[in-house]
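The two complexes that follow have chain A in common; it is paired with chain B in the first and with chain C in the second.
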Partner chain A sequence: MRWLVAKRGRTGDGRGWHWTDIATWVWLIGGTILMFGPAVWLVLSSFKTPAALAEFPPTLLPFAQQTVEVEGEQKPLYTVTLADGTVRTMAELRRVGIVAQMVDPDDPGAEPARVNIADRDPVREVDFATENYTEPFMRFDFFLFLRNSVFVTVMATIITLLTNSMAAFALSKYEFRGRNAVMLLIIATLMVPLSVILVPLYSVVAATGLMNNLWGVILPTVATPTGVFLLRQYMLTIPDELLDAARMDHASEWQIYWRIVLPLAAPALAVLAIFSVVWRWNDFLWPLVVLSRKELYTLQIGLNTYAGELNVQWHYILAMTVVAMIPVVLVFVFLQRFITAGIAGTGLK
Partner chain B sequence: MSNGGATHYLTAPLRWLARAADVPLRAWQRMTGQGGMIALFLLPNMAIFSIFVLIPLGMNALYSTTGGVEFFLADRPYVGGEHYARLMDCENYLEPRSCRDDMFWIAVWNTARFVIFQVGVMTLVAMITALILNRAIPAKAFWRAVFFFPVLLSPVVVGLIWRWILQRQGLANLAMFEMGLEPVNWLTDRFWAFFAAVGVSVWAHMGFYTLILLAGLQAIPRDLYEAAEMDGTPPFRVFYRITLPLLMPNLLVVLVLALIRAVQIFDEAYVLTGGGPGTSTMFMTQYIYESGFANLLRNPGLAAAASILMALVLVVLTLCQLWLSRRAGGDR
Partner chain C sequence: MGAIELENIHKSFGAVDVIKDVSLNIPEGELTVFVGPSGCGKSTLLRLISGLDQPTSGRILIDGQDVTRRSAADRGLAMVFQSYALYPHMSVRQNMAFGLENTRMPRAEIASRIEEAARLLEIDPLLDRRPGQLSGGQRQRVAIGRAIVREPTAFLLDEPLSNLDAELRGTMRAELAALHGRLGKTMIYVTHDQIEAMTLADRIVVLRGGVVEQVDTPLNLFNAPANRFVAGFIGAPKMNFLPRPDGRTMGIRPQHLRLGEGGLPVTVDMAENLGAETLIHGRSEDGHTLLAMVPGQVTPERGDVLSLQYDEADAHYFGEDGLRQ
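On to the complex of A and B.
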């Protein structure tokens, strides 16, 4: 049964590899390819020119055709097999049907050779098309989208932390009538998904004049029951004696919350902050409903809109998808242990 | 969240505000006592919560019983159970075309099929992965992170990554080509598009459930396995007699959470296929969104009625979870 819980390295007691060891490594390595592969492929593709993206079969790395200057113009370079069997590197002057006029770039004055396009291959080298990244920011609205996304994420997270922690403080450190009722209400709505209240929420937001306003995206999301629940459970572990001692020293209730409870709840606040950033950065359905003016789109909505156009400009879309992925990848690389601990501990997502 | 470094400077304005707020708040506390302070601490969160969650929750019933295209409740005439009657008006519930609102039933059955496949496949894959991650393998944290990585990605990013891979000339068809198979129209063929949505959703979410199962596996006492080993119990028997029963609470949580989320499937599928081709990946949430907002013939009342029916399913599932987790908790 070591195949279930092997305690030291491989399962066999010096008996070599058990079949489950092989299966394990196949699963792990296959899993790595399947889990990371698509994202890696996205990043590699995002540096390709439109021409390279249209190629089939695609190359792994982004290649671009080399060009050379012939008589003041940039001309594409090819490796050409001439009629006499010699192989030379030539530039294309012009092309008519399947015949191209090619010339040696070192001898541009010579008579151009007529070459069947089947007899030549483009000269290419690895080249990262960074304009895929710069152009959407300069020529399209992606800079605005990015700004809107950052604004929504930062504001929503700050307000979430503040309001949730205040409520959690009241619900964990004071005895008052109706406390259990409030807790019950919060737990009962833990499972209310957005799609269930979509229509009335829309009209509430419209009535408060927050339609087509980034605050209309932010406010409905900040009073997360999950956050209150998580922070309250943590604050319950802070000893009440600390609070009583502070009261002896004439600290106000606000100071107790701010100077004592909040710093002590920092680990739980960190978990909630990370989750809130990921949630708000990734939000899709609600911003899609609230925002209909293009200059207010978040990155996710903007991406979906551009990707939904009839003539998808994949070279821009792929690059902007990478941009939309960056904050989450940073969180993943640096803060992953907080998240895994949070999920394993509370089933929160 | 340490006290030093960038956090210190970033939160400086907040700390300054908090200190300034102490003056009026102290006065408030003197006037109203502790009760006033409790109310004040609860107020921001509960006000936002009431306005944007509780009130809409209550209003949904009003929307589902009023008609018209207006969103302002006062402009909506009362129609009673008309929307519900329209949704449930069906000669044969298994055959959407025989229903008055065929779209609704198409969405219902698509969602049901999706839930069965997605939850089934995902639980199986997450279970196998958790069992493997629970073995003594080097660099455990790394492997765990590998399978968790897609969980954090946004649905739009997930949808676009896979749209790019599954497109006609994408990586998936390159793989088919290399294996000497015919290319497949993954996203424009009714059959494949549905399974593409299932597969992409499993890819994006399995890491989350793997973590929950792994936490359960790690909580099983090792000496149980050692005892079974001494008795020479065959491995598969150990799995059925020790691992599975002791993992049951976590497995139930995984099943119900996955079910609840699968019923709400929307964003990845919407970005991946837009509900198409035809209606083959049209799910409940998309039906609610489109009938409430996106369609030219929008009908908020109908969308509200559909969302209440969906909420009923979710409530039943949630109650199942509470009941099961209480029962599982009582067993210990």
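On to the complex of A and C.
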């Protein structure tokens, strides 16, 4: 912050304000709101009751109406403007049309006042509806879905690292006819989105009997052109003399890959592992296509079950979305150094 | 053990001929230096011997056995690379053990060999460090140590001292010479530095453009260069070449010129005082540049005309084809 202020001015000497300073601040603050706003709203909304979620206009913070016990029953509290102009806090006994019968909770035996509902405001306090979180944990198969998600993410990441690094090793360290053509082909597949190949991919997976099988989710995703490209670019920087030295040292080509190239490519592997975890964790469309038995659902598909045909349980969806986001957020918080390195290294995201 | 023979070796990369019909005989136990300007094919030749590259045609024999089609690992050679090529993720000990582990040697034997090599090279305190924590000279020793533990029939060294600073290079050069004396193994040493070549070699192979120009002992190369290229390449500062009226070229080393009456008249361009001697840059009457290394401290002015004498015995004569006459 102090650094930013010290760097203001046209020449970055900290003297005067230049229009670029204003533009920078507007850009940065605007960008932060744009990126963070939805996430913050999601987290805050996940603590709202269904009633608060349906409210219009929406509030930023989760509010809940206060209640009070009147004659053994919980009654909602309102701030009421009475006919004589006095303002009091009263509980609603019952309501008929636009007229509500209100009573002072401290004097429940008194004659109820009849109040137009336009003349009262609910008494509300910030209140976090934690039951949005606790109830799904009890009733929803959260832990089953979590286990499936973890299995898919971990296995897919391990296989991705293995296969992609082997391809990258061959493409970076061996001279063979058609090497560039293969590389080009792999890069070209970057331009084909999943929706284009969804149907043929479905046919392949169905023909191999992997429908309704977690491996049907894992296997089609493990060969990623991004991964091959990222690892290849990194392996190109490993000096060939090291490989020559290993060859003189009786190392087989497999040993060269396993004992020399893989350990030295660890930084790039870390980047790819992070990417792979984020991708597989957030995958929605492909698992939705492959998995139709509920006990195989991953978290992202499981969340989808809250959106019924007639009724969407937004409070649960929001709360579980927050929970599903936590691993990815943690990955970003702790490993962002690697992620930026990876993005800078490949020009991909 | 360790005699290496090259028979009519050719190597081309695509349309480029890098090695053209090289035949060489490297006797057992000798330290042979490949020297030449950059791009002359000396490193390529070393890689062909090591087995890391395959010759386009020709045969390579080690101790009389044809190893041309044998893999690098099975030739019984060890190589020290210019960049040292130490495995950065392994400790010094692991670096040295890697090659032995791959041959399934018993652990005790590996440990004793590493210890012995470490003692020889005085790197025992460094065994558990990573290459990144070592200085240039220490890395150099480790690279040599990694070669020694393999107990190879011959050592191949590819410009091993070129990444060291001048002072260290001198020390390591002496150590390498001593090491060669102690091990008594065949060594092939590639360098572009003729001082290294002169001081280390039993024999020097001078290469240019993929062709062997001359093979001889350092002093023979200096005293009787076979052609103009070798004459100009070996010796520092470079030999002076003066054309003769009969079409021949006379070569005279700067060290063999001295100040004295009745010699070559030379116009001084510049004089570099090195303390013990003075290097004079000048021009002969017909405009050829001349270098003279004269003893003591001489301080001629630019434009002065000096007279430089030489002994006829020190002069070399080369024909129009560049060959020695």
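We adopt the following convention: the second predicted complex is superposed on the first by the 239 of 349 C-alpha atoms of A that agree within 3 Å, B and C clash if a C-alpha of one lies under 4 Å from a C-alpha of the other, contacts with A are read in each partner's own complex, and residues count from 1 in each chain.
Rule of thumb we're sticking to: a contact is a pair of C-beta atoms (placed from the backbone, for glycine too) under 8 Å apart; a residue touches a chain by one contact, two chains touch by 3 or more.
Bear in mind the structure is a predicted one, so any value in this text is a computation, not a measurement.
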item	value
First (chain B), second (chain C), both or neither touched by A:A54	first
Which of chain B and chain C A:G308 touches, first, second, both or neither	first
Touched partner set for A:A181, first chain B, second chain C, both or neither	neither
Touching partner for A:S203 - first (chain B), second (chain C), both, neither	first
First, second, both or neither for A:Q255, with chain B first and chain C second	both
Contacts of A:E241 with chain B and chain C, given as first, second, both or neither	second
Touched partner set for A:A118, first chain B, second chain C, both or neither	neither
Partner chain in contact with A:A39 - chain B first, chain C second, else both or neither	first
Overlap of chain C and chain B interfaces on chain A (superposed complexes)	252, 255, 266
Residues of chain A defined as touching chain B within the complex	1-11, 24, 27-28, 31-32, 34-36, 38-39, 41-42, 45, 54, 56-58, 158, 162-164, 166-167, 169-171, 174, 176, 182, 185-186, 189, 191-193, 195-208, 219-220, 222-223, 225, 228, 252-255, 257-258, 266-267, 269-270, 273, 278, 281-282, 284-285, 288-289, 300, 303-304, 307-308, 314, 317-318, 321, 324-325, 328-329, 331-332, 336-337, 339-340, 343-344, 347, 349
In the complex with chain C, residue positions of chain A that touch it	239, 241-242, 244-252, 255, 259-260, 263-264, 266
Chain A contact footprint on chain B (complex, rising order)	1, 14, 18, 21-22, 25-26, 29, 34-35, 37-38, 41-42, 44-46, 48-49, 51-57, 59-60, 62-63, 71-73, 128-129, 131-132, 134-138, 141, 143-157, 159-165, 169, 171, 174, 177, 203, 207-208, 211-212, 214-215, 222, 225, 228-229, 233, 235, 238-239, 243, 253, 257, 260, 264, 266-267, 271, 274, 284-285, 288-289, 292-293, 300, 303-304, 307-308, 310-311, 314, 318
Touching residues on chain C, where the partner in the complex is chain A	50, 52, 71-73, 77-79, 81-83, 85-89, 98-99, 102-103, 146, 150
